[in-house]
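Going by the order they are written in, the chains are A, B, C and D; count residues from 1 in each one.
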Amino acid sequence: GCGTGSDTDDNGADENGAENGVAEDPTRVGLVLSTGGLGDQSFNDAAYRGLEQAEQDLGIEFDYIEPEDSAEDENALRRFAEQDYDLVIGVGFQMQDTLKEVAEDMDHINFAIVDGGYAEIPDNVATLNFAQHEGSFLAGALAALVTEVNTIGFMGGVESALITQFQAGFEQGATHVNPDVDIDVRYVGDFGDIARGRETARGQVERGADVIYHAAGGSGTGLFEVAEDEEIYAIGVDSNQNMVAPGYVIASMLKRVDTAVYSITESVVNDAFEGGKDYIFDLSDDGVGLTSLTDLDIEEEDAAETERITQEQLEAIQEMKQSVTAEHAETIEELRQQIISGEIVVDTE
Amino acid sequence: MSNNLKSTLITLGFAFIAIFVALVIGGILIQFTTEATVIEAYTALYNDAFGDLRSILNTLWRSTPLILTGLAVAFAFKCGLFNIGAEGQLLIGGFVAGVAGYAITGLPAVIHVTLCIALAMLAGGIWGGIPGILKAKLGVNEVINTIMLNLIALQITVRYGIQQLRLEGAADNTPRIEETAELTRFTDTFINDIFDLPGGVRVHTGLVLALLAAVFVWYLLFKTRTGYEIRAVGINPSGAEYGGINVAKNIFLVMFISGALAGLGGAVEVLGTHRYFTSGLDAGLGFTGIAVALLGNNNPGGVILAGILFGALTQGGMGMQFAGVPREIVTIIQALVIFFMASLQMFKIFIDKRRAKEVAK
Amino acid sequence: MLDILTQIFSLSMMFAGLRMATPLILASLGGILSERSGVINIALEGMILTGAFFAVWGSYTTGNPWFGVLLAIVAGMVLASIHALVSVYFKADQVVSGTAINILATGLTVYLLQILFGVSGTSPRAVRLPAWSLGTVSFNPMVYLALILVPIIWFVLYKTPWGLRIRAVGEHPQAADTVGINVNRWRFICVTLSGAFAGLAGVSIAIGEGSYFVNGMSSGRGFIALAAMIFGKWNPFGALGASLLFGFTEAIALRADFQYIPSQLVRTLPYIITIIVLAGFIGKARPPKAVGKPYNKGER
Amino acid sequence: MSSENKEALKEELILQMKGITKVFPGVKANDDVNLEVKKGEIHALVGENGAGKSTLMNILYGLYQPEEGEIFYNGKKVTLDGPMASINLGIGMVHQHFMLVEPLTVTENIMLGSEPTVAGLFTDKNSATKKVKSISDKYGLKVNPNETIEEIPVGMQQRVEIIKTLYRGADLLIFDEPTAVLTPQEIEELFEIFKTLKDQGKTIIFITHKLKEVKAISDRITVLRQGKTTGTVETESVSEEDIAKLMVGRNVLLKVDKKEAQPKNVVLKVENLTYKDSRGVNILKGVSFDIKEGEILGFAGVEGNGQSELVEILTGLKKATSGKVTLKGKDATKATPMQFKKWKVGHIPEDRHKRGLILDYNLAENMVMGYHDTRPFSQPFYMNFNAINAHADKLIPEYDVRTPGSHVKARALSGGNQQKVIIAREFSQQPDFLIASQPTRGVDIGAIEFIHRRIIEQRDEGKAVMVVSAELHEVMSLSDRIAVIYDGNIIDIVDAKTVDEFQLGAMMTGSTPKKEESDNE
């Protein structure tokens, strides 16, 4: 769907494009989402957001495709390339082999892949990778610091290559600050089942966990509901989810797929695309990281302004930060620096 | 014979009307709720499904696993069995093919590929055979067991198997299969020299296998003693028993073959399309196979046609997305086509009634 | 080992099982109504999903979750009436029609989420149904409703004229026809009602315990409900038992701590148990005789 | 007859069907049919299989709508657009294949569609049961209201059907071949019921293939032939032969004509056979007998005394609990149906729809069922459909199967012709031992004659034949020896020439001294 964002967005893009003086020949970006499609509350949504932002700021045009199953990925990638899009982005490392194949065929087109790794990266491909394990390390550390009962939980969606990285980082971070902490690891078995997510979280609470981190997409919503009901703390993932259950989500582990997509797009717009490279987004460049532990984030304030949350809810978030997480902010920052400097090495599996 | 031809033509005519009506309704949605126009959308649908050689070949490529799962379901139906389990059988078959494809090395290509396929069919066959034997020996309803086995297969293969076998740091796939285990793509064969195939044509020899499977099923059902027995059991088990037919044996056999066909569907996807067993294989191919079978009237020829129809809808659906129709509307249109195709039955009854009236005069 | 047992047979595990079972109970009751009248309802899955969507939408737009309940029921019924129209009156294959409904529902909910909420994936937060406390226990209303509906449906099926007709229509439509019962109309009614039940199942997963709609949140429950219905031999109490078994084993898989078995394999437990139980103890389940066959007057 | 009388007669007519035409794809089932029925009479409707009797009655009951024709009920023109229209007029029908819902109880079946309720909500079972009781008392129709249909015998099922019509206030009752599935005793009972109904002022239309019954019970007879009315006659004025001729259009031999039997070697030996069903009930309690080449051993007995199970054991469809079956010197106790076929055992099953035919297979396919694995029909990798079709094309004229061709589905044939298909199939394989179970059930007289002749031919060719029939007359006229079976035991084996109907009847109900003896086992 040609930027099926709402009409107003398109108009906005046009105006912006005109201002930037590239209206005649805007940069065109094709986005092939992974099979979960839009609404996964994870990288698909984030990648889309990044391009929306680019549409507004940089005056690009973009199209996206949601393949019905992964067999269609190639088709979609190739179609974009054949239509001479300036940049074709694939999301999810399920796509990495197909993308490489297409990129080698169409070597005059720029490609990027979110979460993809190659032994040898083709010259026209940029891989965008995230140190989710590092961010999760901080989430684990925070959880271990906040827990009052020495038991924390990790709730994954489905056992998979990606989610394992979240889990590994979380466990390492937690034991780093408190070697004796009990970590209850659970998988929902589904990325889109709130009810199962809820029961999973309830089970974790029953076994004593009072801080739970999730990497379970839509199922994670169940965790936030349980956090409110059972008065425990949750840690969100991928984007700022602190507003979902204000006062109960102590932090979110951000994974800035949107920023990554935006910046690679920007490089194309500026004729500065450099392929054959692996772009790693990690703690050092805020490609991953925790939401602020002391003050309100822009997103949180923005949510209140646009009335997605009430003023009281905003205050609840603020108050929670002050009473719960602020005291650990320094420790977490230190850990962050240690990881950046290489003093602490976080494993992925 | 000419009467037969006539009724086939009439059926085809109605099929077109059904598709047309579905497209009209879908068109209204497209026109009023998306930025694409009906014309753009449907031109894209047609072009991507049948517009040029590449589209046609890719439609056939998308049809390949659907024809196989459709055959699996249809074959079981002919014996009065409802195999909802093609999905699970496909997964198991695909998984086994994927594992055999990389774990076994050093074999010549023909042998390796054949071995992978044989193992996949065996595995799918066992997965279908379990509910088959439970039905045959204990009379347990096959629908419930095939549903259960679908869920078990998903956990064992996609969820557990892949996690155990995938290489560290790699995506959710089993390791890539050896080249000797690949089903050749048409682009790598002499066909390429003749037609000069464009890039992105992914149809592979799995298509040939699917068509062969259809011929096999047709021959088995309608030309052999086994088929005679299977159909008899499907229509009237007591009568078949009276006729000296071993009902239990046939039920097991049919579920085994049905599972093997679905397993073959998994194998061609793995060996031909993906080249590894991937979590993406869990894409409802088995469930769509049910619709393919029933739309195809449970006959192999019909299954091929219905499989191509669904392949075209998927393939063309991608084109519609490029034209600005979001995927969900594509999905809705697919559902509408099925509805109207299924409702054709009504027209047939109507025509029969009209004929009776004519005879009376 | 003992630890596992105490975990499994704890009260909270029972409660979790009951919560997980609720949508299954409701949907399988719908399945019973439909199949007892002779129409296979493989479309429960799609109706649950659609019901869940409208539950959230109704609750969200009005702030009153009960309005969501109402909408979910209506939505389930509308979808079901399409299935009924196509498979009862147009004599389409019931399984094909059901498959089409399921495909339609996946597309439709995503589409409506876009159109009505302007978002994709997860809906905004809706108002949840209030929990009802009964002494020390507290559940969402759907749990109680499911438990109450079981005897009611049983009563309707076995103690009222309607039930008698429904059973007759599904078992021997010609016989019903010859005493002046309108076979197709009863089938239409039953299938449509089954949609209401599936809609309620959708309510229970969407705003029963929670407050959101997520794409594909029915997660195959329609098929499990179908299995529960067969497992329970098309009897409401049987289906209740089967649903509880499924819910309970699922709760165990989600919540109990099996040290040495990978969780993916633990998750197969409910299904393996079902196969074993069916093979070992229950055996043959005889479906209503005419199920799956469109009724044509002139045909025998 | 004075004109006044004629007027009175017109008054008396409860039903007139005029110029009824009904077409099914490929068949004109009724072609300008006329039928007049008087109030309070028992009117027999006869004709060959496929003559259109059932179709005409289904039209009267509103199940089918005719393409042409008019119906007058009590002098008024009526439109019967559904069963409800007919029921409301007071027409009731007992179908040949009962319209009963098996898992429901007797009362539930009877009240279905017109249930009394309490508070308009739930079924008032008590008052329904009461009403059933009062009807059953009034007309002498014994039923057990709370048993399910599955549990009760056929005769009672039929009484349930009758009560169903009376419950709805029927004045005109249609019976489509009500006696085809009944035992002689049950037929007696049914006729008593007919008389009671007639005494109470009800009118009865009655379809049967048994001319003796027509003579015994009816007042007038209407004959259909190939979809057309041949005429209506007073029963008193015609003989059985006359009716037969009207139906078939030629003279029919109503008596079986046969030579003296020439028994030779023993073909089948059954020793102490017992059978327990899945619920643990003893069905066969130690049965022993043998059958020789060139003789017909008939089995007389009220249905449900173990005959069906005996036949199924002797064809491999059921396994004996104990005892021994020896066939041509080989132990056949545990043999499969296929083995029995290989040993050249022919079997005409009692239920042609359940066992005998694959209704959706065409005639050619049906005519090789059970022999489909033999040459020339089955070749190593394919079935030779040319041979199969040729086989059918040869048998169809030979066995006088009335059908447009061998490609027609068995379902489309009338019952008699379906039966002939089975007979053609079994006889064409030249069996050494033939088991014929209810070989002429529901079959018209022409076909009965034909079937009987063929069975005796088999005997005369030196084959061993076993005949099981609920029809005493049939058993007596076909058999050389008669085994009387009662409650799972063979009471006695008697010479068919010396025994009479009353003796047999008595033995069949178990009232001989021998009964106690065998019961003691």
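Keep this in mind: contacts are C-beta pairs under 8 Å (C-beta built on N, C-alpha and C of every residue); 3 or more make two chains touch, one makes a residue touch a chain.
The shown structure was predicted, so the numbers you read here are calculated from the model rather than taken from an experiment.
Averaging Cα atoms per chain gives one point for each, and the point farthest from that of chain B is the centre of D. We define each chain's centre as the mean of its Cα atoms; on that basis chain A and chain D are separated by 76 Å.
Once the centre of each chain is set as its mean CA position, chain B and chain D turn out to be 46 Å apart. Centroid to centroid, with C-alpha atoms defining each point, chain A and chain C lie 35 Å apart. Between chain B and chain C, the centres computed from C-alpha atoms are 27 Å apart. Shared interface positions of chain D, i.e. residues touching 2 or more other chains, are given as 24. Chain contacts: chain B has residues 155, 159-160, 163, 326-327, 331 touching two or more partner chains. For chain A, residues that reach two or more other chains under the stated contact definition are 37, 159, 189. A complete list of chain pairs in contact reads A-B, A-C, B-C, B-D, C-D. Here chain B touches chain C in the complex through residues 33, 82, 84, 130, 134, 138-141, 143-145, 147-152, 155-156, 159-160, 163, 287-288, 290-291, 294-295, 326-332, 334-336, 338-339, 341-346, 349, going by the rule given at the top. Residues 82, 86-87, 89-93, 95-97, 99-104, 106-108, 110-111, 114-115, 220, 223-224, 226-227, 230-231, 262, 264-265, 267-268, 271-272, 274-275, 278-279, 282-285, 287, 294, 296 of chain C are the ones that touch chain B when the two sit in their complex. For chain C in complex with chain A, the residues that touch the partner chain are 12, 16, 19-20, 23, 110, 113, 118-122, 124-125, 205-206, 209-212, 214-217, 219, 250-251, 253-257, 263-264, 267. Chain A makes touch with chain C in their complex at residues 6, 37-41, 45, 159, 186-190, 192-196, 198-200, 202-203, 206-207, 218-219, 221-222, 225, 244, 308. Residues 219, 223-225, 227-229, 231-232, 235-236, 238-246, 352, 355-357, 359-360 of chain B are the ones that touch chain D when the two sit in their complex.
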